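Below: a set of structures, written as structure tokens.
Each of the two complexes below includes subunit A, the first together with subunit B, the second together with subunit C.
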Partner chain A sequence: MSEIFKPARPAAVAEVLVQAKGAIEVRGRGSKRALGRPVPEGLAVLDLSGLAGITLYEPEELVMSARAGTPIADVRAALAEKNQELAFDPPDYSGLFGGRDAGTLGGAIACNLSGSRRIKSGAARDHILGFAGVNGRGEEFKSGGRVMKNVTGFDLSKLIAGSYGTLAALTDVTVKVLPRPEKIRTVLVFGLAADPAVGVLRESLGSSHEVAAAAYLPQDVAQTSAVDLVARAGASVAALRIEGHGPSAEYRCRALKGVLDGRGATEELHTQKSEIFWREVRDVAAFAADPVAQIWRLSVPPADGARVAGAIAARLKGRYFLDWGGGLVWFALAPLPDAGAEVVRSVLPPDGGQATLIRAEAGVRARVAVFQPLPPALAELTRRVKEGFDPDRRLNPGRMFADV
Partner chain B sequence: MNLPAFRLDDGFLAALRAIAGERVVTNAQVRERHGRDESHHPGHPPDAVVFARSTDEVVALVRACAARKSPIIPFGVGTSLEGHVAALNGGVCLDLSQMNRIITIRPEDMDASCEAGVTRKQLNEALRDQGMFFSVDPGADATLGGMAATRASGTAAVRYGTMRENVLSLTAVLADGRVIRTSRRARKSAAGYDLTRLFVGSEGTLGVITEVTVRLSGIPEAISAAVSAFPDLESAVNTVIATIQTGVPVARIELLDDVQVRAINRYSKLAYREAPTLIFEFHGSAKSVVEQVETVEALARDFGGADFQWAIQPEDRAKLWQARHDAHYAAQALRPGSRGMATDVCVPISRLAECILETRADIDRSGLIAPIVGHVGDGNFHVIFVVDPDDAGEIRRAEEVNERMVLRAIAMDGTCTGEHGVGYGKVGFLQAEHGEALSVMRAIKQALDPDGIMNPGKILKP
Partner chain C sequence: MRMPVPDPSVIARRAEIARNLRALVGPDGVIDGADALRAYDCDGMSAYRQPPMLVALPRGTGEVVRVLKYCHAHNVRIVPRGAGTGLSGGALPLADAVTVGLARMNRIIEVDYANRCVVAEPGVTNLGVTDAVRSAGFYYAPDPSSQIACSIGGNVAENSGGVHCLKYGLTVHNVLGVELVLMDGEVVRLGGKHLDTPGLDLLGVVIGSEGLLGIVTQVTVRILKAPETARAMMMGFASNESAGDCVGRIISAGIIPGGMEMMDRPAIRASEEYAHAGYPLDVESLLLVELDGPAVEVEHLVKRVEEIARAAGATTLTISRDAAERERIWAGRKAAFPAIGRLSPDYLCMDGTIPRRKLPEVLAKIAELSRRYNLGVANVFHAGDGNLHPLILFDANVGDELDRAERFGADILRACIAAGGVLTGEHGVGIEKRDLMPEMFSPLDLEQQHRLKCAFDPSGLLNPGKVFPTLHRCADHGMMRVHKNETRFPDLPRF
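Coming up: the complex of A and B.
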């Protein structure tokens, strides 16, 4: 049984790291514990879920600070009261990983997870203004602040986002929040094959109608939706999200349909149905029902999305869908000893693309590179950055790369 | 600065010449010009200036410098504002302005890859017929490499972001000559630490940026601008807060105080009311722009805004923004023979009016002339001290007011620099603002540049 430390105040985190010897597993509510490489068994655990609570919320300034262990649900509830939201829309992977809920704010930042509006609103890392945490030496430090612009030295916030707890144990996070759009509309275009569908997504994103998200679900994925119009279409669905003030959203929706005239039958979802639909896309709900499928997430140039998905589907049995205008490929496949890593990574375009193994059993994640292997110079730089924060490799060792 | 002074010897010079031939320059005038930027901070000339032409050449030059432990100071066009390019203890200035090739523009991905010496205007010129533009617009026609290194921003940051959001990937030469290329076209998620962002804003202290891929934005179908005068600063700031609250996607919101309006009126022969003034710009479809203007006009009226004017004609809009961009020159023209000393702080927007008013009172007590302009959507503002460059006492008084303003901003949970950066001008304020984080920054610096040869004395004290 691992020793578990659960500090109740930020200062106690540093004390734990000073007292506890050796490596330690850093986690929040554990909702994404199965994401990334497994850390060695038997490590002591630094459980940050006791550091909860919103410490500053200034709706007028669009700023919120909270303890790192604050549940995302609490953050969302507080924001909703003021008609605001986290524009990066952190996903809830409890369906994928069997967790209790969407986890913590610190966890969303540490894993840099963002929803479908990523293409317009930016990633988690684009919304973090500052943080406080403790590095591997047990030193408390903070970086950034609560103002929108800040050029005081190295941008440590951006480095912390997506570092999976390998650089610092976060204690506090300050994020930019945004007004929630009054209306959401979704334009659906039915029956397109992947290639022309991506054309439609990209053309829509390039239009002046401010499309906020663009996804494509082949028929076998669309039919799992809880939204009737999507599930019963009996065809693939290309979906375009438009949001904003009521009249403006309605107008842009009509105008976009005009642009897409002749591409296929169209339908429209209103706010409530749109919310359900985009939540499904964000949370990868279509793949949650199959508990053993191995799941990949590929980030590619949007123009390559359909080709990459097709190339994997031609060699491995599975299902896929596209988000981020074609730039994000989700692929679920029947379990394989190497999770199909060789095939998946071989179809990435040579000048850009990353494949992350989002879900597989621990043994597979220990054997197969979960994150895209880095070229030697970047790998070396990564090790040096890690050394700058955590020279003894105490924080989540091996969670991202075997030697980091 | 207590850095060991570096000395250039003949052997080292020959090693540099073997790489870059006649593009290694030791002429005093050229060195002088490369040791200072557009700020009031004293210049420090490097021992030699090398005009590099390719990443490979930069690698060879960095290796040669590393072998001699010579400082390396990257240089674009020298428009930084906190002494970023000063060779505080000598060494070699790497001038990248001849690396000015636009490598690829990818309209389908809305991005462009450029060598570090390409300037923002050069890029926008190349984009002119493609329906796209590069949105970051600091006053100067800076290089993309320099803008990435200083994490530059501009007037449209409130909508389009700063270099932080607009640099997608880059190529950098590290202190040991190793070349790294961060995430290229598939930029939506880095496959490890976000090293691109680590280099953005590192001010040449971690490596030499030789290539930058930037995000491009679509030229909006319609653009409109508006200007409104307010009875006082609070009313202007409250209008800005209300505007952002309602989610109106304003592209630009600039504040000019009454002194600056007077300066602009005189300089640009305009006749705006000499009161705190906001200038807005709206981007979008024709219909959405009209909606945005109407919403903002109603808000401005609620807060006592007067003389709300729309400038829809491109020439009217150009005139308005030219006046804003000329703020610095207009300020200098308030006092012939003077020089403008630009400052830069950023505070939470709820404290903005308070911070500006206290600063204004401090300026008035000091007897200095100093208009104020601000990118208020971000809580960022600049005082332009109009000083006599030969009057050391006056410059000192301006520096004192600046120091109090910076400490005031930090005390209000703000920052000592919203967009100009640290250079060596603000090294001292960093401790006040960051405390312990500096040791973490220092550890990163140590890990990447153990000999401390990359632009020494900037961001971190040696």
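Coming up: the complex of A and C.
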């Protein structure tokens, strides 16, 4: 049984890291614990879920600070009261990983996971304004601030986002929040093959209609949707999200349909149905029902999305869908000992793209590189950066790479 | 300004180093004549000058690699330089260092509409990126006021913003990837045409690192379709409080304007006298709001903002009806710095950011300091994001005015930090605010940043003396000093 530390105040986190000897597993509510390389068995645990609560929320300033362990659900509820939101839209992977909920704000930042609007609104890393945390030496430090515009010193916030707890245990984070759009509309185009569908996504994103998200679901994925128009289409669905002030969203939706005239039958979802649809895309709901499928997430140049998905599908049995205008490929495949890593990574474009093994059993994740292996010079630089924060490799050792 | 002590053994090898560099970058790629070197003796912060030992002007990544490898092997310091328009002295040369100028690397490498991005060499100007895609209706969003001259590589180094950054983001939100040469000559590619770099987000921390982590030799930026239309609104208020309140109400109504700028009474008067933009002279505070997007949206929001402004007590309200009127409304704001420069032989420009609602409090503090130091001040404010530019008016030839102005400036930055703000919103730390860093950061905060520096550049040869305070402080605090309205680039708008 691992020793568990659950500090109730930020200062106690440093005390834990000073007192506890050796490596330690840093976690929030554990909702994404199955994501990444497994940390060694039996490590002591630093559970940050006791550090909860919103410490500052100024809607007019578009800023919120909270303890790192604050549940995402609490953050969303507080923002909703003021008609605001986290525009990076952190996904809820409880369906994929069997967790209790969407986890914590600190966890969303630490994993830098973002929803479908990543292409317009940015990732978690684009919305973090500052943080406080404790490095592997047990030293409390901070970076950034609570203002929108700040170039004072290195922006360590960006580095912390997506570091999976390997650089610091977060105690507090400050994020930029934004007004919730008044209306959401989704234009659906039915029956396109992947290649022309990505063409439609590309054309839409290249228009002046401010498309906020663009996805493509082949028929076998579309039919799992809880939105009738999508599930019963009996065809593939290309989906374009438009959001904003009422008259603007309506106008742009009409205009976009004009642009896409003749590409296929179209339909339109209004706010409520749009929210359900895009939540399914964000949370990879289509793959959640199959508990054994191994799931990959590939980030590629958007114009390569259809080709990459097709190349994997030609060699491995599975299902896929595209988000981010084609730049994000989700692939679920029947379990293989190496999770198909060699095939998946061999189809990436030579100079841009990466594949992350999002879900597989722990044994596979220990054998197969979960995160895209880095070229030697970058791997060496990454190792030195890690040492700058955590020279003894105490924080989540091996979670990202064997030596990080 | 205390800078790292020059190494006499390096200076003694100057001729040999010049000869070796010529072999690496060609005879026309090295500058060593005293007159020619003087052109590189400062950046946009011209109060501090130091001719470099040598200047190297590489033409490609390979030459940058060769220069850095050579200098690394021979223990020669490097100062990277883009267009030299920076306002915090980040490109200030050192007497024993080679300034590596990226100006000759100014090609657009690729325009990729399918992936909505542009790949450019670092010496391409900010506006040059937009120029490359304008014909297809696209643009690059961050628009620092110096955009006709500043380079995209320099924008990466400074994480430059612009008037539109509340809505469209800073450089860090618009750069997809860079190619970076480390001090030891290693080349790493961070990001690319895809989103979310693998591994740690080193791209995010390289942006805004002021040339301390590596030399950027290629930048991939995302491009956006230009908005259909834009309209400007100009509102006068009887107090800075009510103007600030109006900004808060606009944002609370769920509206994020493309631009939102505030000016106080001295700044309004100076700008109007200079630019004749039609600004009202009987108001204490002027708020400019720009709304952009489809015409339907802009019409809708103009009406809503108008209602909000009236409710917030606007005493005057003008809405642009065409592009010429919109230009005229902005002309006054864009001319604010030179306009204020006419009022006074010298001014210092500060660059703090504060939580917006603290504006009345900080402005009151600035007014009190103005009385205490007996020096005038005018304030312009990027109202949407809280970035405040107080301009302190003084005459360096009169008694102790320079000294008073500098102490006044440092007190303003301390007031910004006390209000929950930061030392610099967009001009960078450089050498200018270096010694004020401990006002904002604890020794452990700074040490952690410095450890990152060491991971990228263990030798410490890359741009030393910048950003991190030295052990000995000097009296020169965070400001950009302008003498007789002569900036290094007098024609560039500063706002």
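Brief remarks on what is shown
What we mean here is this: the second predicted complex is superposed on the first by the 404 of 404 C-alpha atoms of A that agree within 3 Å, B and C clash if a C-alpha of one lies under 4 Å from a C-alpha of the other, contacts with A are read in each partner's own complex, and residues count from 1 in each chain.
Just so we're on the same page, a contact is a pair of C-beta atoms (placed from the backbone, for glycine too) under 8 Å apart; a residue touches a chain by one contact, two chains touch by 3 or more.
As the structure is a prediction and not an experimental result, all values here were calculated from the model.
If you put the two complexes together on subunit A, you find that subunit B and subunit C bump into each other.
Touch criterion met: A:123 reaches subunit B and subunit C at once.
When the two structures are aligned on the shared chain, A:94 is found in touch with neither subunit B nor subunit C. Shared-chain residue A:266: touches no atom of subunit B or subunit C. In the superposed pair of complexes, A:303 makes contact with subunit B and with subunit C alike. Of the two partner chains placed around the shared chain by superposition, neither subunit B nor subunit C is touched by A:223.
After overlaying the two complexes on the shared chain, residue contacts for A:387 are found with subunit B and with subunit C alike.
After overlaying the two complexes on the shared chain, residue contacts for A:354 are found with subunit B and with subunit C alike.
Shared contact residues of subunit A with subunit B and subunit C: 58-63, 112, 118-119, 122-123, 125-126, 135, 139-143, 145-156, 158-159, 161-163, 167, 178-179, 202, 206, 208-210, 244-245, 247-248, 251-252, 255, 299-303, 324, 327-328, 351-354, 356, 371-372, 374-375, 377-378, 380-382, 384-389, 400-401, 404. Residue ranges on subunit C touching subunit A, taken from their complex, read 112-116, 137-138, 158-159, 161, 165-166, 169-170, 172-173, 177, 182, 186-190, 192-205, 207-209, 225-228, 248-249, 251-252, 254-256, 293-294, 296-297, 300-301, 353-357, 382, 384-387, 420-429, 433, 437, 440-442, 444-449, 451-456, 458, 467. Those residues of subunit A that touch subunit B in the complex are listed here as 58-63, 112, 118-119, 122-123, 125-126, 135, 139-143, 145-156, 158-159, 161-163, 167, 178-179, 181, 202, 206, 208-210, 244-245, 247-248, 251-252, 255, 299-303, 324, 327-328, 349, 351-354, 356, 371-375, 377-378, 380-382, 384-389, 400-401, 404. Against subunit C, in their complex, subunit A makes its touches with residues 58-63, 82-83, 112, 114, 118-119, 122-123, 125-126, 135, 139-143, 145-159, 161-163, 167, 178-180, 182, 202, 205-210, 244-248, 251-252, 255, 299-303, 324, 327-328, 351-354, 356, 371-372, 374-375, 377-378, 380-382, 384-389, 400-401, 404. For subunit B in complex with subunit A, the residues that touch the partner chain are 108-110, 150-151, 153, 157-158, 161-162, 164-165, 174, 178-195, 197-198, 200-202, 206, 218, 220-221, 241, 244-247, 284-285, 287-288, 291, 346-350, 375, 377-380, 413-422, 426, 430, 433-441, 443-448, 459-460.
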